[in-house]
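Each of the next two complexes has chain A plus one other chain: chain B in the first, chain C in the second.
Moving on to the complex of A and B:
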């Protein structure tokens, strides 16, 4: 016991200091303010945690400092918004996307085919590039003519913000009608499929595998699924759109959460397997690559969704008002779906201050179970400790790398769509959150999962208490001065906390000592 | 006399480049038909514009050079490098504008401040390593960024608008005496480059390279690695602060963006473009970066940073050693190939 105390003396003292500050902070304000501030801190902490946990898993296992994580958070928000506000666009995009990916899932077939080609050094150098070029041109030709009902960032009345606003007012804008008038539908579908097949075939020619894999029915399952989605969404386009539009927007929000998370997972897997994987031997370059990816991602979002910020309406279950609101009991809330409940006489927004922390805690527990109770989690934990040993034991660490990267990005995307209704959507939402997450991780310990949770909580609470005290002012003891922290002090306070903690404990609060 | 000729022969390319840079304003003037005399008295025209662009490149090169010393040579990944630069820029502006010091006193104070911030980073240095050092320096730099942006100090720093209205001494004013400014900036850059080359070639610099390669082994050999890292940090801080001073004198506004993390990333990008740890790569990188940025913004407009990002990623994936680094690698092969060719002809 005494040994444990002596070993963790600094940690215990720091935590005690936090507790003391926390209690002191609670004394300085009214009870209802304290509760609200606490809940807001939890909310910010939860969002930070969703970014930070993925970031720390990726850094712990892969040693990749993924600075594009904030951008991926933002992309998750924008994708979720699209599903939620414009389900028709989502349905329209489904077909070309599924068909374009389709060809790449048939890698076994392409490898088999490439073995049949006559081997000639000269043609083998030019041929793949030519195929890729043809595929890219074909895809470009079809996509630019393919009818996708979209918004228009140049035209204010059809900008994403306007769609959002009108949906919130209860009078959704009618999406522009589109039809196949520039291209024959059958030709378009075939063209997309052909483009992806040619592209995949061209790529398979680069790596000359010596052994050819067996062609079994199993290899064709993903392709079959994608083709089903693609052609199905094409055939039932109108019905699907009508179904989604007619759905209650609570369900639609759930679908948006799912789609954002899944596309985050897909994006993460794609990014790891194509861009990050060649760079494992050059760690600094990975960092620069993710910086570049982050710049590209922001520009892509600007090109598609435009620069202005806009809001996303909350689902009905969190936005009720009128008679009987704000609710005082759980039953009353369930009855009216009030957007605000009274808690200790403070007005608490249900979505921002109760739903987000709940999801954060759920994810915390789910990932904790994944890490502690499953085989994959065991491999991840072992890999964080000693990667080479795990590899030596005959476990395919590379596949686990891809899985972890995908999982991390998926969590960030989930955080993005969760944050969208409360924070709104802007091009800069990722950067501020990434900085928060970095600070939280540095405080908690870079590769420690509980550290990520603790650090996020501390950052969230500190920020919110600073903002609250910015309004009511801190009376400095023994003097008459009332000190009011101004907005710039809020980020500065967390940064200062990070610097102090890192100087005291270079590995963070819960990081492992080397 | 003989040795002088040898020096000339060895550094033919560098000396020719220097000569080209000295003559650049006059040559640029000639394309427009302006006589060298007109350029000499700072007549408005293409030459003046080219000089302005070149001055910006020199300042960027100086800044990137200082980053290459700690990142490429010594192997310290600092995300707070923009602070080194912006402290110099802001301090120069504030001292000239609000405190009425003259230029030489200002430079003296900036020099002291540069030492002070190197000491500040030095305090952190032995405690945290690797990525944690990057985070702590990022933290310190963002505190400075927030200070610069804060409204309380707005009277001095101009808050988020930026520091403007600095009265530059007449003899170096970028509007009326731009040619002189051009030569001053060129001289500072060349001197810094020579100093850096000397530093890297010196025993101290060699130990810095050893620390980059394997710090544990350098310590095992009996070197106090901290003092070497601190020396590199000190030199880098002073250079970056002087780059900031020049920036403040040249630009009408010191934007708070120079204190942000984005500006550190700019240095990283320049060094990557040119070649990490090559010193002259920083100069080449600054040239390419500024011209690329200028051209893209002019002809493509707002989405220029998309192409910037794409170039960045392409460099990381396909040209990891940068322009100079790749040239150094390939030039050996070219030379070998040339020799083989000559050998075949002789036979």
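Moving on to the complex of A and C:
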């Protein structure tokens, strides 16, 4: 016990100092302000945590500083928004997307087939590139003619923001009708499958065919699923759209959360296996790659959803008002679904200040269980320390890398869609969160999972208390001076905290000594 | 002669350095073979080259009739090769139990081997719930060897098992290695010639990245000149 105290003396003193400052901060304001500020801190902390935890898992295991993490957070928000506000667009996109990905899941088949090619074609360097080019041209030709009901960023009355706004006001805009007038439907589907197959076949020719994989039914399962989604969404397009539009927007929001998270996972897996993997031996290139991906991601989002910021309406369960609101008891809230509840006389926004922290805590626990109680978690924890040894035990670390990268991006995407109804959607929403997350990780310890949680919490609380004190001012003891932190002090305060912590504990609060 | 492992003139580069410049190792099935040589001679790199952790650029490695060149290291290990690295590489964030459990290749490996492991290393039984960090050097070495025993390995590569251990513990560990060599073949890298000469039946001496001589340990013990030339005063 005493040994534990001595070992962790600085940590304990630091945490005690935080607690003291925290209590002191509570003394300087009314109780209702304190409660609200605390909850807002938790909310910002939760969003920060969703970015920071994935970032830290990826860095810990893969040694990849994924600077695109903030952009992926933002992409998660925009994808979720699309499902929530424009389910018809979501259904329209499913078919081409599933069919385009489909061919790539059949890598075993392509490798097998490429063995049948004459040797000259296999060693030819130009052939695979030619295949890829044909595939890309074909995909482009079909996609640009494929009917997808969308929005028009150039035309204000049909801009994403307008759809959002009108939905929020209960008078949703009718989406433009589209039909197969530029391309024959059968031709379109065939073209997409062909493009995807040609592309995947071309890619498979780049690899070395040292051993040919076994073709089992298992290899075809992902393709089967994607084909089912693709053709299903094509055949039942109208029915599916009607079903989603008819759903209560609470369910739709849940679906949006799921779709955003799953897309994040898919995007992460794709990014790791195609772009990051070839660069494990060249960390600097990797850093430049993720930075470049970040910039590209932002431009893609600008091209599709436009530059202007827009809001995302909250689901009904968090947006009730009128008689009986703000609610004072849980039962009253459940009855009216008030957007605001009174807690210690403070007006607390249910979505922003209660729902987001709840999801944050749920994710914290879920990932903790994954790390501590499953074999995958065990391999991750071991791999963070010594990848080579894990590999020497006969474990396919590459696959674990892909899984962890996918999981990390999935968490960021979940954070994005979770943040969208409270922060709104903007091209820059990921950048501030990534910065927050980096500071939180420096404070908590770069590769420590509890550290990511603690750091995020501290950053969130500090920011929100600074903002609140910016409004009410801090009475400096023994003087008449009232100090009001100005807005620039808010971000500066977290950096200052980071500097202090790093001077005291260079590995962060819960980081391990290397 | 039946060799379970046959390494034929491998050349391994680490970065731009040509570390192994022709190493041959033949390991008879069921034996203990010692790789001897001075510090930095390339003994550890030889083990890592066999496992594909530092893949050889030239030469051939055959394990039980199967060529390992070009295979990924986790596939090589999964063929039935256990590795006990130089600094034990116990996972700090895992408990002793988890450190064993992670080595499972099939579900239930650990439960099948538990009795055998505890009879070799009785100490581990009472340490099983502790975090991997709280073990002493000797206990960590036991755990590292035990970890290699969890799956059914036909070959164990053990790097410097006696390094940094007290004499009493070295005795104990040598007993354990003798015991487990009844089940599988062992390749040992050992600086301590006394330990190596008592354990091993055959030896290979590596000098500046080349295997220079090999044979029966009983012959080497008589050959003071060779010992002096390649291993220094022993």
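By definition in this document, the second predicted complex is superposed on the first by the 511 of 514 C-alpha atoms of A that agree within 3 Å, B and C clash if a C-alpha of one lies under 4 Å from a C-alpha of the other, contacts with A are read in each partner's own complex, and residues count from 1 in each chain.
We take it that a residue touches a chain if its C-beta (ideal position, glycine included) is under 8 Å from a C-beta of that chain, and two chains touch if they have at least 3 such contacts.
What you see is a predicted model, and the numbers here were worked out from it, not measured in a lab.
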Worksheet entry | Contacts of A:309 with chain B and chain C, given as first, second, both or neither | neither
Discussion item. A:335 in the overlay: touching chain B, chain C, both, or neither? Say first, second, both or neither.
Written reply: neither
Worksheet item: Looking at chain A, does chain B or chain C touch a larger number of its residues?
Response: B
Worksheet item: A:435 contacts which: chain B (first), chain C (second), both, neither?
Response: first
Practice prompt. In the overlay, answer first, second, both or neither for which of chain B and chain C A:238 touches.
Written response: neither
Discussion item. Taking the superposition on A as described, I'd like to know which of chain B and chain C A:446 touches: first, second, both or neither.
Written reply: first
Fill in: First (chain B), second (chain C), both or neither touched by A:392
second
Worksheet item: If you stack the two complexes on chain A, which partner ends up touching A:382: first (chain B), second (chain C), both, or neither?
Response: second
Worksheet item: Is A:30 touching the first partner chain B, the second partner chain C, both, or neither of them?
Response: neither
Worksheet item: Can you list the residues of chain A that touch chain B in one structure and chain C in the other?
Response: none
Discussion item. Taking the touch rule as given, give the residues of chain A at its contact with chain B in the complex, in rising order.
Written reply: 65, 275, 278-279, 282, 284-285, 288-289, 291-296, 298-300, 302-303, 435, 438-439, 442, 446, 486, 488-489, 491-492, 495-496, 498-499, 502-503, 506-507
Worksheet entry | For the chain C and chain A complex, residues of the former touching the latter | 51, 53, 70, 72-75, 77-78, 83, 85, 89, 91-94, 98, 101-103, 105, 147, 151
Fill in: chain C partner contacts - residues on chain A that touch it in the complex
210, 375, 378-379, 381-382, 384-386, 388-398, 512
Discussion item. List the residues on chain B that touch chain A in their complex, please.
Written reply: 77, 124, 127-129, 131-132, 135-136, 138-140, 142-143, 146-147, 149-152, 265, 268-269, 272, 276, 302-303, 305-306, 308-310, 312-313, 316-317, 320
